[in-house]
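Structure incoming, see below.
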């Protein structure tokens, strides 16, 4: 009888010790199970498709069977689309655990702009999220149909000055990079255009191709693929892009539209994730994004990649927050 | 005729094997409620990372083709459409199964899918450039009228009272407005967090059909060993089905033409192709009252339409990078990952991959029919499952299928609540098909209406009524409504005459 | 005949009430632009429901009511709703097993208790396993995990 209960106590102690040991080891050996990455857009969209490419190496092993990044644990994409990303990100900050096993993909300026325009409805902002690394940057470009009478930004601006609110400009949605770019263009050129939000980048592109809208802001990657049927007038970035070396930036044309609308995509974690875990991710994830195979696939897919480390992204988030808060201060909703 | 040269590639052992497995897998996935073609293709994209471009596209194409047809299996056998595209199939497919003609219904389904599918792919091969031009002409105004045309068929698919069908359809339209306003971003009617993001069409589809089925099954399960209620299953030879199916030229033609046309229109999607074809076939039939009670023409028209949609939906995708259907949108990701940019390059620089892919679609249609007909033989097993086991199976499939659409437990909740309410509504004469159609069309109507208004500015009237396509579709809407009114008056007159005698 | 007529009139009235509620929440909103479409649709529902009420009142409709054996159906509704509420704590697979077990046991036509239990456990385990293989292994869908698995 006695020996039985002692054995029980012993095994209990062993179990407790074992458990606490495991807990200690969990940080040391993070990650020891697959990591999910929430993508707030539907499967097949640009964000989803790039997220799948850049995370594809995390589960890989090298020739000797040794894990390359993140202990060979795969990153699994989970799509939670809805309302321009608000559904996925809201659920993420409300329901995910800050343990480093639930990450999310971010789109800047989308989520920052949403947190500014809808301060009540939107539960996320740059203060409750931790950037890990950035994989890509897709600048917005101003496009018109091949048959359009506009041959330059100046043509469009002149027409818009003569006909206020007549120029229709399509874009992927409200308060996404395309919308910001249009707001900036209006402000910088002193014109009034009519922004038509559509269900996504491809749909917005279709509006321009089909002549439904006079012009459009779209992702460089999508416009690049359809360049035979479009005129790409200008790019909303600080420098020209390697994919489209002949397209001038707005700044070159004397219109003060900077890179605030560039669509940055990357991976973030929740605030409160243990520091060692963040360190592991901040260390390994950018290296993974720079993997030869990842870069090659991104290049093939026409997706401009721009790998940024955690520190760089932190800085970029802060700058965007300050700029967008100023630009969008007249657009605040639900307050 | 360039495509003929590349058939050899399709029959290369590795590619052919992938095609066979893709087709079988697609049929099985399609038969699982909730795993719609869009889902199935999206879930398989990661697997293509390790394949060469031709093989991965062959797999995705085969899965696309086969899931569309496979969705009819669960629809016919258990009254749960595998995907929105199969709603029209069950209207007559399930009644046929209840009369013991399940095998026959499945035969028609696969044979018609094959015929429609081949016509669709041939259109893709021969008429890509003009069809691409046509696709671009559909802007918000045109799509708005197409959606309205869809609304006009609500009345005729209800079965039973026209007013109740219309009410159900309008409630469906209203339900689709829950969540964010698609253009203005305003959040509407979200009184609980479960509704954030709105009601997903597939979650609703599963709930509205599967849950009433579960309740019917358990409600009828007697204490003795009772089986699902089917009349004694009659066997039906494949060849007889073939002969009959091919003789139904009118249903096949309407199905294939409507399916191909709707497939080309970007954004309309195959979801309504089957329903529009079904409706047209019913209206042009000599005996419209036979529809909804197990008329093979209903199955033939619906299935030939939803597979005819596959080929043309790839036209705007391959030439312009604009997907014609939600599934084609996911397929775009598959193309890009392999470095294949939609556009003229696809047919010159990457001709080998592109034509091999298109050829594999043709061969895939044939394989789909062969394996489908083989599966049809085993449908007899479903009819031997005890009711309570069937109810349990439907619950599990409904829950998992709904969850996997957006990885959301809230969707499962919405699915259950909608389904339970639908069951009681169906007991008082409201049917699920018009409700789902309303839900599908709601977003299409509202989005295009608001976008059209924004684009048009002051001259909204001129914008929505300008252009030949708008005018044609408006005339079709008017005719469709006029016919419904006319046929209902005829029915009332006939009933009065009956009562008088 | 009277009773049937009264019941149908009551149902038609209920439909009008629901339609009125839809109209109320859709029409009386601050931002009319954003609620334009639902307001138009809700107005249509209201008109149609009034039309349906009028037709019922003049007895122009055929009787399309069907009975429902709620006595046999309420357990499955309770089990399903309860199951969904448990998914987040128990995980998808444990909940599935539990729901299947309960549904299988409750509705089993088997008389003998032991066989009934064995049959429902094996069915629940079989279906759960099949779902696990299909969704977690083959399709790699991430489902909530919890108790045991």
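Quick notes
Order as written gives the chain letters A, B and C; numbering starts at 1 within each chain.
Here is the rule we use: contacts are C-beta pairs under 8 Å (C-beta built on N, C-alpha and C of every residue); 3 or more make two chains touch, one makes a residue touch a chain.
Being a predicted model, the structure only gives us computed values, none of them experimental.
For the pairs A-C and B-C, the count of C-beta pairs in contact is higher at B-C. A comparison of C-alpha centroids places B closest to the centre of the full protein.
Inter-chain spacing, taken between the CA centroids of chain A and chain B, is 33 Å.
Separating the centre of chain A from that of chain C, both taken as means of CA atoms, is a distance of 38 Å.
Distance between chain centres (mean CA atoms), chain B to chain C: 23 Å.
In chain B, the residues that touch at least two other chains are 46, 184, 407.
The multi-chain contact residues of chain A, meaning those touching 2 or more other chains, are 78.
For chain C, residues that reach two or more other chains under the stated contact definition are 140, 142. Considering their complex, residues 140, 142 of chain C touch chain A.
Of all residues in chain A, those touching chain B in their complex are 42-45, 48-49, 52-53, 56, 77-84, 86-87, 90-91, 121, 165-166, 168, 173-175, 194, 196-199, 202-203, 205-207, 209-213, 222, 225-226, 228-229, 297, 300-302. On the side of chain A, the complex with chain C involves touching residues 36, 76, 78.
Per the touch definition, chain C reaches chain B in the complex via residues 11, 15, 19, 22, 25-26, 31, 33-38, 41-42, 44-45, 48-49, 51-52, 55, 61-62, 64-69, 72-73, 75-77, 80-81, 83-84, 87-88, 92, 96, 99-100, 103-104, 107-109, 123-124, 127-128, 131, 134-135, 139-144. Chain contact summary for the complex, chain B toward chain C: residues 32, 43, 46, 160-161, 163-164, 166-167, 170-171, 173-174, 177, 181, 184, 186, 188-189, 211, 214-215, 218-226, 386-389, 391-393, 395-396, 399-400, 403-404, 407, 409, 412-413, 416, 420, 423-424, 426-429, 442, 445-446, 449-450.
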